[in-house]
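Input: structures, listed below.
Next, two complexes with subunit A in common: one pairs it with subunit B, the other with subunit C.
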Partner chain A sequence: MAATADLSAPDELSEREREAVEALLYRLADDEFVIADRYTDWQVHAPTIESDIAIANIAQDELGHARLWYDLLEDFGYTEPDLIWERDPDTFRHSTLCELPFAEGDWADVIVRSYLYDEAEHLRLGALEGSSYPRLRDRIGKVTSEEDYHREHAANWLRRLAGGDEGRERAQDAVDRLFPYALALFEPVNEVEDEIDDLGLRTRTLEDMRAEWIETVFDTLTSIGIDVERPQVEDGCVADEDLPAHVGRDGNHTDHWSTHFDEITNTYRELERHDATRLMEDPDDE
Partner chain B sequence: MSSEIDPTPDPDAEYCAYTDYTEGEEINGLPATGEDTEGVERDVWDALYDIEDPEMPISIVDLGLIYGVAVEGDRAAIDMTLTYTGCPAREMLRDEIREAVASVAGIESVDLRLVWSPEWSIEMVTEQGKKDLREFGLSI
Partner chain C sequence: MIWEVFRQEQSGEYHTHCGNVHAPDRDMALMFAQIQHARRKPTHSLWVAPAEEISEVDESEASFGGTTNKAYRWATSYNIEPVAEEVADSENEQAEAERARGEN
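Here is the complex of A and B:
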């Protein structure tokens, strides 16, 4: 990919550039926001107090990252209600991996899910280190340094689970169930993906990252006795039968998402709010 | 289960998984402390020094959160960061900084920029800050 010149400040982007930047930011922000909220389901339910604190902290990290990306969308004039509270849930672009409820009481589910997600996140952030959009690029180092702990956490737990028969079986079930949804992380939003690559907003294509992710995940899982099959890829696309019915990226979500979104926005609607409540005025808004 | 323990260590044994809190890189010019400044700029730094982290007894300057101060006429421009992206005290701290700096004689307006690069790390903490944190009970 040819090196591309830096893009301008947010208010000076052409329509085409802005559309590509927005598509990239929505995907990053929505994935982090939705999976963070899912992780909080485990608060006070995780198997030990250590793991409880760890998963709550990971959720907080992901919310912090979602905020960093939503902040950059606010550069374009959107408000927090536009981006979250009053948004049409069908316009969310997160992968369906992030929205699925956990199999009841199954710690292996959250561990496998975060393992699959964080390996993908690692590659995605790596491809943004050299982004042509400076405001995004400047945030990658900080986010990556926090994400590294998530990968360590998931990989350590995964090995621990696979060390015993019951844990390995549960992890195997979770992989069988979640692997297709994790592939959805690399599905395109639409043809805007070509623009994202052409403008140098990221330095690796989705296809390229997916290929590496499949090999990494395959090697790790098989080395700890968990079976996984590589998906069929033709002309750069994963075969339909290897993908779930809903991938999320294109706005098609599972029924779980509307329930989840209702839960997230319940208080906002119930109290008839029209803006995001703050403990104090945001100095940026003055 | 036998209660006898084999005293010979297993040569292939591995440590339990642990998290290595790797130290960050040293960045030229950081931490910024306002050393050698004078006049209104010095007063701005003093005002910043008076602000403590909400969770630990350490000045935000010694913690390394302030990346730069520029005073032009009656305007102060400040670059700051946070230790953590999910910092719940984000708005509280920013509000406190704006108020403290705006109350410095000679300053009418404050332009406070939140930046994430270079990323904050332990290397940004000043020697005084490390001392304060050790006294607080942190190993640093």
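Here is the complex of A and C:
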């Protein structure tokens, strides 16, 4: 893809540019925010104290990344209540992979899910290192260094689970269940995705990243004895039957999301809050 | 399986024992140790070693430093002024060690 000129500062963007930047940031922020909160379901329930602390730490990393991306949306005048606490849950753009509850007591679920997610995240961040939007590009390095641990964590666990019969069966079940939802990570929000590519906000298309992700995941899983089928792709789109009924990116979520969102915002509503307490300074001042 | 964890704050310093982690193998031990023992502390490097590979001898089995007065070992007989900094440090260190053992 040809190099694209840098975009201007947030308050000098054209309407078309701003719409594309916002769509890209919501994709990133909502995925990280929702999967982080999901991971915390494992708090005090993980198989050992070490794995408990590791998954909690990963959840904190993802929340920290969500904070960086929501902060860039605040450049456009949104407040934290607008972006999270008082937002209409139907406007969230995360993939449904991030919102599904874990199969109860199934550690293979969180390991497979984080593996599928973090491999996709790795490609996505790589395609943002050369983004034409400097505010976003400048924050990628920090995020990437933490994501490396997440991939290592997921891959290490996955190999070990697959090393025994019970673990491999559980991992296989989780892959069967979650793989279509993981494909949703690469689904478009709407036609704004073309603008995102044309403006050089990312340097690889969703289709291109998905093709690489499928090959990586396919090779890794089959090498450890877990079966997975490549989806049918026609004209750059995954066939409907290989996708879940709800992909999330287009605002179309499972019922689990409204329940989850209610839980996340419960205290805010109960205390009748209208603003969010700021515990940390602005990321730009760090 | 238990792995003992040793943390080094800065390059060149000693790795100091800081606790342990449960992990099935070396790679997982290194991974868990990063989070459990280094996420909130300045860290330059971590070691992990299987707990069973650590050998120990304690005071019930050994008389560390012997039991008789060996003050003659001290480098205090050479009263040359000014004392080299290294000699002064060494003397102080030995005097401190004697006190800590309850000998002087």
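Definition applied: the second predicted complex is superposed on the first by the 277 of 286 C-alpha atoms of A that agree within 3 Å, B and C clash if a C-alpha of one lies under 4 Å from a C-alpha of the other, contacts with A are read in each partner's own complex, and residues count from 1 in each chain.
Keep this in mind: contacts are C-beta pairs under 8 Å (C-beta built on N, C-alpha and C of every residue); 3 or more make two chains touch, one makes a residue touch a chain.
These numbers were taken from a predicted model, which means no experiment stands behind them.
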| item | value |
| --- | --- |
| First (subunit B), second (subunit C), both or neither touched by A:Asp11 | neither |
| Partner chain(s) touched by A:Asp61 [first = subunit B, second = subunit C, both, neither] | first |
| Partner chain(s) touched by A:Glu272 [first = subunit B, second = subunit C, both, neither] | neither |
| Touching partner for A:Ile53 - first (subunit B), second (subunit C), both, neither | second |
| Partner, of subunit C and subunit B, that touches more residues belonging to subunit A | B |
| Partner chain(s) touched by A:Glu166 [first = subunit B, second = subunit C, both, neither] | neither |
| Subunit B versus subunit C as contact partner of A:Tyr149, first or second or both or neither | both |
| Overlap of the subunit B and subunit C footprints on subunit A, listed as residue numbers | 149, 152, 156 |
| Contact set on subunit A toward subunit B in their complex | 60-61, 63-65, 67-68, 138-139, 141-143, 145-146, 149, 152, 156, 159, 278-284 |
| Complex contacts: residues of subunit A adjacent to subunit C | 48-51, 53-54, 57, 149, 152-153, 156, 160 |
| Subunit A partner contacts - residues on subunit C that touch it in the complex | 21-24, 27-28, 31-32, 34-36, 39 |
| Residue numbers on subunit B that touch subunit A, as the complex places them | 17, 19, 24, 84-87, 91-92, 94-95, 98, 112, 115-121 |
